[in-house]
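Labels run A, B, C, D, E and F following the written order; every chain starts at residue 1.
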Amino acid sequence: MTNLIEYEDASADVRAVYDDIMQTRNVDRVNNFWKAIAHHPPTLVCTWHTLKEIMAADGALDPLVKEMIYIAVSVTNGCDYCTASHTAAARRKGLSDAMLGELLAVIGMAHETNALARAWRVPLDD
Amino acid sequence: MTNLIEYEDASADVRAVYDDIMQTRNVDRVNNFWKAIAHHPPTLVCTWHTLKEIMAADGALDPLVKEMIYIAVSVTNGCDYCTASHTAAARRKGLSDAMLGELLAVIGMAHETNALARAWRVPLDD
Amino acid sequence: MTNLIEYEDASADVRAVYDDIMQTRNVDRVNNFWKAIAHHPPTLVCTWHTLKEIMAADGALDPLVKEMIYIAVSVTNGCDYCTASHTAAARRKGLSDAMLGELLAVIGMAHETNALARAWRVPLDD
Amino acid sequence: MTNLIEYEDASADVRAVYDDIMQTRNVDRVNNFWKAIAHHPPTLVCTWHTLKEIMAADGALDPLVKEMIYIAVSVTNGCDYCTASHTAAARRKGLSDAMLGELLAVIGMAHETNALARAWRVPLDD
Amino acid sequence: MTNLIEYEDASADVRAVYDDIMQTRNVDRVNNFWKAIAHHPPTLVCTWHTLKEIMAADGALDPLVKEMIYIAVSVTNGCDYCTASHTAAARRKGLSDAMLGELLAVIGMAHETNALARAWRVPLDD
Amino acid sequence: MTNLIEYEDASADVRAVYDDIMQTRNVDRVNNFWKAIAHHPPTLVCTWHTLKEIMAADGALDPLVKEMIYIAVSVTNGCDYCTASHTAAARRKGLSDAMLGELLAVIGMAHETNALARAWRVPLDD
């Protein structure tokens, strides 16, 4: 495990990002992800700026939909941390048990048909 | 490439699935995916039954959302056929250019943070 | 695409491996895979020696079974070249249409349950 | 971790699947996998029906061979749960230490040649 | 394939990024990657800013080393476009045939030992 | 977890490899990886011979660079054991905190652009 950079031990640059995360999300602490990548401040700055831009609430997609897409990618990539943290975020945005069950069912089925399409080397439809 | 089993060459069991696909989707032909996996009828039958059940329009998730989740998994698994066919399906269900752009942006960003979370071995949040 | 190192252009070290491949397999040419990795002779030598050892006919597993395992990994890794060449090898060792259909069905299903097990984060059984 | 749905807490639909699993396999309990996906009954029903059909003992492939294929995919996808449970199943069907060693050797070698074939972008053989 | 947004058809925002890419790299055209993601300007802007920052020549790692790391990830993820474009970039920065051969050998070997370590579920060393 | 084959319990063939590892690396014990794959001696022998050849210090690439490439592949494949052991090896060869931070930043960024290139299906540059 990586040790984490807490606010009180952070440089001014890192604190500025932590402050922006807390203010943007209206929370009083930042997740471990940010405290880990803060070991390399350019990664922290660039990743947060991109995430803030892409996950902004006023985009073309509903915020809950974006969390579900995030979960789908994270499960497929086998990233337990991201799966857990984005499932928690989706819950806060209204993901019900029924929606979660269906989301995971679609993910599972997509894996099967992805494998079958590759295995049978299916040519593209016209 | 796999050669495809066309309707006129198909067994009665396979034709029954093709008929159900066309009726359920209100189309007059089936995609190459089904014509390829028809080489193994149990796979055709089981996959179609599962897909019909999970992707049904009356589930907990909007049909367009399910197509976007399907795209997210297919891109991550590197399945070009599935990415192309589900993007076409999503287009028919209303996916705009702006939504597609944002969908792919979320997918790209999720890959980056998945990799960073694994690379830094971030511990789960409390 | 990588250009290939043909026998007549190969160094003595590379020719020795090509000769051993042809003799071991009782064929009169080597596959493109070997002609590509011959650009780095230590890779050619080590890979061939390992493959010859592990895929030897007198092991604990039947040679056709080993080819099917190879196909399963290659499909999962999305390697079209390896999928095609090991499917051809399996065909020569007796893989029937029915066996191929069932093999790909198992591969597809394993992908689905792998994804579901990860997505639901199923704890190990006692 | 997902909490598990035990028999006594399950709905009639879920119990019917649990009963069929126990009867088909001649065991007196079901694995955690089924108790987890039971949170979404359609997934439980579809997955079990497909698995029962594809893994049936009277197919074109030997049941132990199918378990080895399952292990190959599960290792490649990084699914620890599935690797462990199908290794246990393969052991019950006769997988010896020597067979397991050779199986994992083939899996490891396939990963290497898959990567080399992709890295060198080897063209398909005629 | 995605159609590409050429300079003459691009908005002012997109042109500004294209200009910065050409100036930073001292070239007179931009790669197709940028012309594709320009369909979603926030992705173009964020990705370029991050790439410019991380791949800058004055970092802790040599620019050629960074290109080799990029190739290693791209081969592993099966991204042909990225493998090809970063191999070309590495060539311009001095990658010799011998270095390329050894790079791909390390990548291939890492895949094998990754698979073996997972398959045998090796516990961490003290 | 796999139980490990310690030196005192190993066969002569296995001990010979352990001895060669310790002598080549100038250490007095071997890592768990070798003690696990020793369950299948041909895998142990072939893997060690290949690794010794490819990772040799007198190759075309610097030993530390090879360790960084190994880390990049291991993170991408999600192999925690290999990531940890090669990070430790890289540390012993001079990897600084700044280099590690930049290495992981490049890995993360490569994942993002790999996904974007695949998602947008970017055609190869001329």
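Note that a contact is a pair of C-beta atoms (placed from the backbone, for glycine too) under 8 Å apart; a residue touches a chain by one contact, two chains touch by 3 or more.
Values in this document were obtained by computation on a predicted structure and should not be read as measured data.
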item	value
Interface sides of chain C and chain D: same vs different residues, half threshold	same
Listed pair (A-D, E-F or B-F) duplicating the A-F contact set, over half by residue number	A-D
Rounded Å distance between chain A and chain C, as computed from the means of their C-alpha atoms	36
Distance from chain E to chain B - Cα centre to Cα centre, in angstrom	28
Whole-Å separation of chain centres (CA-atom averages), chain A against chain B	22
Residue list for chain E, restricted to those that touch at least two other chains	39, 42-43, 47, 50, 54, 76-80, 101-102, 104-105, 107-116, 118, 120-121
Graph class of chain-chain contacts, one of line, ring, star, complete, other	complete
Chain D - residues contacting chain B, complex	42-43, 45-47, 49-50, 53-54
Residue ranges of chain E in contact with chain C within the complex	78, 97, 100-102, 104-105, 108, 115
Interface residues, chain F side, partner chain E - complex	1-2, 4, 31-33, 36-37, 39, 43, 47, 50-51, 54-55, 59-61, 65-66, 68-70, 72-74, 76-77, 79-82, 84-85, 88, 96, 98-99, 101-103, 105-107, 109-118, 120-125
Residues of chain C that touch chain E when the two form their complex	37, 39-40, 42-43, 47, 73, 77-79
List of chain D residues in touch with chain E within their complex	75-76, 78, 80, 83, 104, 107-116, 118-121
